[in-house]
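Next up: some structures, all given as C-alpha cells.
Presented sequentially are two complexes of subunit A, the first with subunit B as partner and the second with subunit C.
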Partner chain A sequence: MTEVFIFYIFAALTVFAGLGVLLHPNPIMCALHLVAAMIGIAGLFFNLNAPFIAAVQIMVYAGAVMVLFLFVIMIFDLKEEGRGIFSYGALSNFLKILFAGLFSGLLLSSILFKISRFGYLIPDKTAPQFEVRNLAKVMFTDYVFAFEVLGLLLLVIPIGTVALSRIRGGTHAQ
Partner chain B sequence: MLSSLLTIGLGHYLFVSGALFVMGLLGVLLRKNILVILMSIELMLNGVNLAFVTFGYFLNDVNGAVIVLFVIAIAAAEAAVGLALIVTLFKNFKEANIRFFEHLKG
Partner chain C sequence: MGASGLEILINVVKMVAIFLLMVQLVPILVWVERRGSAFIQNRFGPNRVGPLGLTQLLADAVKFLFKEEFRPPKSIAFLYYAAPVVAIIPGALAFGAIPLSAPFTLELGGELVQFNFQSFHLGIGIVFVLGISSLGAYALLFAGWGSGNKYSLMGALRASAQMISYELALGLSIVGILLIYGTFSFDEMITAQQGPLRFMLMGKPIVVDFLPNWGIFYQPLGFILFFAATFAETNRAPFDLPEAEAELVAGYHTEYGGLKMLMFYIGEYGHMMVASALLVTFFFGGWDLPFGSEGVREAIGSSFLYSLVMHLVFMGKVLLFLWIFIWVRWTLPRFRYDQLMDLGWKTMLPWALFNTVATAAIVVLFNSQGGLS
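So, the complex of A and B:
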C-alpha cells in the first residue's frame, strides 16, 4: 500500500514540475522546476526497486547538470521574458501543437497495447535485480566495449567544451 | 476501476513517462528561450529513462538499468556541450531568443 502512495506522490510531483518547466516565464524557475522533476523521477526509480539508479539520477542531474544550467543563467543574467514565452506564428504554433497531439495519441495507443500484452506481469519484489553487483556484472561483461567508448567520450567532451566556449570570431566577431 | 488505481502496474509508470516525453517535446517546439529548450530535451531523456527502468523491473531484466546509466552519462555530456554552445551564442548575440539565431555563419 505504501508503494501506491509513493507512486502517486512522486508521479504528481514529476508531472507538475514538468508542466512548470514548460510554462514558467522565468528561466531560473524553469531550472528549479526541472530539479523538482528529477527528484520526482528519482523517487519513482526508488519505487521501482532501483535505489542505485535513483542515487545516480540525483547526483548527476539534480547535482551536476543543474549546477551547470544555473551557472550559465546567472552568468548571463537572464531576466523574465517580457513579450510571451512562446515563439511567434499562430499557424506554425497550431501545427506544432497538432502534431504533438497526434504523437501523444500514438504514444497512448502503444502504451495501451503494451498493457494489453504485458499487463499481467507481476514483478518479483524480493529479487534484488537492480543491485549494484548485478549492474556491474552486466556492465563489465556484456557492455564493456560501450563502457570504454563512454570513457573516451567523457575524455573528449571536456576538451571540446573548453575549446567551444573559448571561440571568438566567425563572421559575427565584434 | 478502483482496483486498477490501487495496484500500480506497468501502465501507470508508462503514462508518467509518456507525459514527460510529450511535455519535453512541446517545450522544444514552442519555447523561445534556448536554455529552456535544452532543459526540455533533458526532460524527454528522463521520460525515456523511466520507461527503460519500468520495463527492466517488470520483465526482471537488468539490461534496462544498465542502459539508463549509459543514457545518464551521455545526457550529462550533451548538456555540457550544449551549454558551451549557448555561452558562445550569448557572447556573440547578447540574446537568448531562438529567433535571432536564424543566420549562423561560422
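So, the complex of A and C:
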C-alpha cells in the first residue's frame, strides 16, 4: 500500500515537472523543472528497490549535469540564441515534430514490446535484496566490452570539445 | 520498500530529532566562529551579553525573526523563497543517513528490536549522501537567479562552476577508501576500522598495536584531497568565491535578510557538519573509540547508554573538524578565481586519479585489504 502511495506522489511530480520542461517559456525554469523530474525518477527507482541507481541518478543528473546546464544557460545571451536558425519557422517546427514523434514512437513500441513479453513492470517481491556487488559483477564481466566502449565515447566528447574550442582561438578569442 | 507504518513513524521521528540536532548546533557554531575568529585576530568578539557572550545568540535570533520581510520587486517569487529552504533540506537529509552512534537494542512488547542511531539506514549510504549533498548547489543557483540582481547572478555562476569542478575531485578521492573497505555502507566501514592497525603485506599479517585501524593510515592522500574538496563544496573560505564580499557585495545572498538569511547560514553549517561527519566516518573510525571500546561497553552494560556515550565520542570528533573549518576560514586568504580552477582541475583531479589507480594496484597486487583481512 505504501509503495502505491509513494509511486503516485513521485509519478505526479515527474509528469508535472516534465510538462513544465516543455511548456515553460523561460529556459532557466525549464532546466529547473528537469531537475525536479530527475528527482522524481530517482524516487521511483527507490520505490522499485533500486537505491543505487536512484542515488546515482541524483548524483550524476541532478547534482552535476543539470548544474552544468544551468551554468551554460545563465552564460548564454538568450535573446540572441532565440534568433538562431532552428528556433523558428516552418522547417524548424516540422523537424521538431518529426523527431519528437519518432522518439515517442520508439519509446512507446519498446514499452509495449516489454509488456507483451514480460507482463506489466511491477517490482518483484521475491527478487533478492539489491547489492552493488552483483551489479558490478554483471557490468565488469558480461558487459565489459559495452562498458569500455561507452567510456571511450565519453572520452571522445571532452577531446572533441577542447579541439573545437581551440580552433576558434580558445578562451582568449576576440 | 516494504516498510510498515510503525517503521515509517519511527524514521520520521528520528529525522525530526536529527534535524533539530543540526539546527541547534548552529547557534553554538556561530558563537564559536565569532569568538574563535576574535581569538585568532587578537580581538575580544561578542562578550557583553551573558557569560562569555553566549546569550548574544538569543538576541540575534530575536533580531532575525523580527526583521522586516521583503522581496526585491524584480525577483522571481518562487525561486526567491524556495532558495533558503533548498539550502537546508539536502544537508539535513544527508546528515540523516550517516550513523551517529552504535545501533542499540530495546525491548518492545517482549521483543528485542534493534534501532539504528540514524534517521534512515541505507546499504548504499555513501552514494546517497554524496548525491543528496550535491543538490545543495541549487540553493545558490535559485538565490542567484531568483533575486534579479547581477551580483547574485555572478555568485550563482561561480558557485555552479566551482561545485562541478570540485565534485570530481571529491568523488575520486574517496574511491581509494571504497576500494580498501570494499563497501558502500557506513556501518561496515566503521566496523572495519575497529581495533589496532592491521593489514596483510606480501601474505604476512602485520599488526601495529599503538595505532588505531583508521582510514587515514591507508589513505593519507585521499584524506588531504577529500578535506580540501569539502571546503570547496561547502563554500567556506578559502573557497567562498560565490559570496566574495570584496567583489560581489555578498554574492548569491545579497538580497536576503532576516530569517531567510539565517536559513542560508543553517544550510552552510549543515553542509559543514555533513562534511565533518563524512571525514570522521571515512578516515577516523566513525563513532568508535580507538582503544577500549569493548571495555566501555562492558562497564556501561546498557545498550542504549553505550550508544549515547559513543554518540558523544562521534560528536567530539565532528566538533573537532568543525573547529578546523572555522580555524582555516580565519587563517587563509581567499583564492583568486583562476587559482581555484587551476587547483581543482590541474592539481587535485590528477592526484585523485593517481590515488585511485595506485590504491587499486596495491589492493590487487598485495591483496591487502585493510581491516577486512
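Here, the second predicted complex is superposed on the first by the 114 of 174 C-alpha atoms of A that agree within 3 Å, B and C clash if a C-alpha of one lies under 4 Å from a C-alpha of the other, contacts with A are read in each partner's own complex, and residues count from 1 in each chain.
As a convention for this text, contacts are C-beta pairs under 8 Å (C-beta built on N, C-alpha and C of every residue); 3 or more make two chains touch, one makes a residue touch a chain.
Every value quoted in this text rests on a predicted model; they were computed, and no experiment measured them.
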| item | value |
| --- | --- |
| Contacts of A:T14 with subunit B and subunit C, given as first, second, both or neither | first |
| Subunit B or subunit C, by number of subunit A residues touched | B |
| First, second, both or neither for A:M74, with subunit B first and subunit C second | second |
| Which of subunit B and subunit C A:A36 touches, first, second, both or neither | neither |
| Which of subunit B and subunit C A:V56 touches, first, second, both or neither | both |
| Contacts of A:L22 with subunit B and subunit C, given as first, second, both or neither | first |
| Touched partner set for A:V132, first subunit B, second subunit C, both or neither | second |
| Overlapping contact positions on subunit A, where the subunit C interface meets the subunit B interface | 3, 47, 49, 52, 56-57, 64, 68, 75, 129-130 |
| Subunit A residues touching subunit B - in the complex, by the definition given at the top | 3-4, 7, 11, 14-15, 18-19, 21-22, 27, 30-31, 34, 37-38, 41, 44-45, 47-50, 52-53, 56-57, 60-61, 64-65, 68-69, 72-73, 75-76, 78, 81, 84-88, 93, 96-97, 100, 103-104, 107-108, 111-112, 114-115, 118-119, 121, 123-124, 127, 129-130, 134-135, 138-139, 142-143, 146, 150, 153-154, 157-158, 160-162, 164-165, 167-174 |
| Residues of subunit A that touch subunit C when the two form their complex | 2-3, 28, 32, 35, 39, 46-47, 49, 51-52, 55-59, 62-64, 67-68, 70-71, 74-75, 125, 129-132 |
| Contact footprint of subunit A on subunit C as seen in their complex | 1-3, 5, 8, 79, 122-124, 127-128, 130-132, 134-135, 137-138, 141-142, 145, 153, 156-157, 160-161, 163-164, 167, 184 |
| Residue ranges of subunit B in contact with subunit A within the complex | 6-16, 18-27, 29-33, 35-36, 38-40, 42-43, 46, 49-50, 53-54, 56-63, 65-66, 68-70, 72-77, 79-81, 83-88, 90-93, 96-99, 105-106 |
